[in-house]
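Two complexes follow with chain A in common, the first pairing it with chain B and the second with chain C.
Showing the complex of A and B:
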């Protein structure tokens, strides 16, 4: 069989994972950039103590972006509840990058950051993880520099921005940053 | 240890004000903690044995900077501009330094006393002594930026410093401005007049912002051709942490440069060559990150990065940008 008779090679499946605690905006962020309406697996939230919202994701959210050459970039949103934490690292395996969304108005926001950085340690080490912190403008919200301080204590040099994922340009900022991190990874030789 | 941050505090700290004209302060940078303790004890022992009353102090008030081998190059370059003595604290086998004075470890009282007397004598001379740089005035376009990066190093009183319609807390953490002034800051239309007066609080109605936003734009607009006076072309740069680009709303060039500088150390020329970004944008970016306290610097000869052919990631990145309208 010569080359022209070979079966066409399927384009590689590539994925970006959106993660973070319940109510941080993962579903909204995926919806802002997905070319198809996100496939949601939401049910009524029965954990009002953790987060006061009507619905929450119990399996995963799914969206996708098809590039001109046919490459499909899949967007996965992890379930936010702690009891699904086993899924976080599974979804993170082989991911192009991770967008971690946090909620600054929650008292346990820093603990959440630690928890997710541990779950996505591979991406954090590779420098392909970007963090968006929402609700920084609410009274009593954790200031952004506290997140930054925690990152530095863990010797992470990762992008950390205040964002409102209801605004598409903020979601695009996170994705744009991820693409720059991927590009820089091609230049890089690791931290000097 | 890097020392460009306003909030970095490995200087010995004392809020005590000099009690007499002979009081003199030594600021410490990247000096080992046990050496700091030893030095403070020795200075107490030497009270009355030299013309001055020497103590450990903050950078803001210091007459002398004493630094270890890991001191930040940008800080040293800035200190040199002041024309004040700068003392390298090093082991006898260490490489020679260009510092105005050297003090060898292990620290001993008599060499320290001799050094202090030498510095006192130099201070009494009318002509600058050999090895001590002539003070150079800071270019006027750098006044605000330089003031911002050094705020918080000295004693703070919880007051606000005014420049035009903008008020900056003297601990260097926040500023207050009207929306119109904020727009002027962002567009580089702010008159750089330095700080003119000090008030207990900004006028009511002004919104308070984190200082990073003002520091970024003060550095960004100060000069698009030359690096800040305390930076130099042969320095290597890395980012201590990412700026909040959500607030600054910087474009893709800034994101790309930050991603590169988060990964490894680069000179300005290497950044221009590897990124393809216009030199003036790279210069502005480095100036902005330096004033914001985000830039870590090291002296070193340029290292050329090997060209790499674009791979799967490069193609993917192009595709993603095109698809999301980020081109």
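Showing the complex of A and C:
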């Protein structure tokens, strides 16, 4: 069989995990870019003291997007609450990169960043983790440079963006940055 | 019992009693726990169960995954999710029409008779549903 008769090569596929604390916008971000109806496991939130939102993810979110070069990116969102942290490692298996979403309007935003950088330490060390910080425009929000300073203090060199995850182009920026990092690092296999 | 969210705290005593009756009637049951759909424990038997918070979170994830898998498969009306393992069973069964949404988690050994387990679990979820309905009135 010559080259012209070979079966078509399947487009490359990537698995990316969206993680971050409850209310950071993981479900919204996946919904903003997924080309298939997202698979959601949202249920009623009974813990309004921790986060004042109607629903919360308890297992995973799933979406999919095809990039311009044909790469299919499978998007997995983790639950944000600590008691579901067993799902983080399950969903992280085989992931080539992580999008970490944070909420700058929360007083514990920097602690959250530290927590998730530790949870996804392998990706953070490998430089296959991108950080999107939301709600930076709200009064009293943590300024972006504080996140940057914290990253430098922890000797992390990771891309950091102010984002509105309701805007498709902002979420795509995070994905494209991550795919650039993956290409630059030539990461064949990964485990977030 | 830790971490009972206020919305379900008032059901704790009656639900604990319901679970105790379930365990007394059914052979092989090692654990019975009621959880909210977002992973908080409402009641558990035996009361000295280790790490009930983690089990509550895991059972709510399993329940949610089971429901979404049913829906994505073109089916509807998930009635329970059961895992059969070498030495027993794990069963998650939603409480019908519960507000807030609740599920029953059951861990049973091989001493359990599967048909009886499912029947008794269904009766228990119905009993819990009545408790919730009565306390709403």
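By definition in this document, the second predicted complex is superposed on the first by the 165 of 192 C-alpha atoms of A that agree within 3 Å, B and C clash if a C-alpha of one lies under 4 Å from a C-alpha of the other, contacts with A are read in each partner's own complex, and residues count from 1 in each chain.
Note that in this section a contact is a pair of C-beta atoms (placed from the backbone, for glycine too) under 8 Å apart; a residue touches a chain by one contact, two chains touch by 3 or more.
Note that the structure is a prediction, hence the values are computed from the model and not measured.
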item	value
Partner chain in contact with A:154 - chain B first, chain C second, else both or neither	neither
Which of chain B and chain C A:14 touches, first, second, both or neither	first
Contacts of A:83 with chain B and chain C, given as first, second, both or neither	second
Partner chain in contact with A:39 - chain B first, chain C second, else both or neither	second
Partner with the higher number of touched chain A residues, chain C or chain B	B
Partner chain in contact with A:185 - chain B first, chain C second, else both or neither	first
Doubly contacted residues of chain A, that is, touched by chain B and again by chain C	none
Parts of chain A lying in touch with chain C, wherever the complex brings them together	39-41, 43-47, 56, 58-60, 79, 81, 83-84, 86-87
Contact footprint of chain A on chain C as seen in their complex	5, 7-8, 36-40, 53-54, 56-58, 60-62, 64-65, 67-68, 72, 100-101
Residues on chain B engaged by chain A in the complex (per definition of touch)	210, 236, 238-242, 244-247, 252, 255-256, 258-260, 262-265, 274, 305, 308, 311-317, 319-326
List of chain A residues in touch with chain B within their complex	12, 14, 33, 35, 65-69, 71, 73, 96, 127, 132, 143-145, 148, 151-152, 157-163, 170, 172-173, 175-177, 179-192
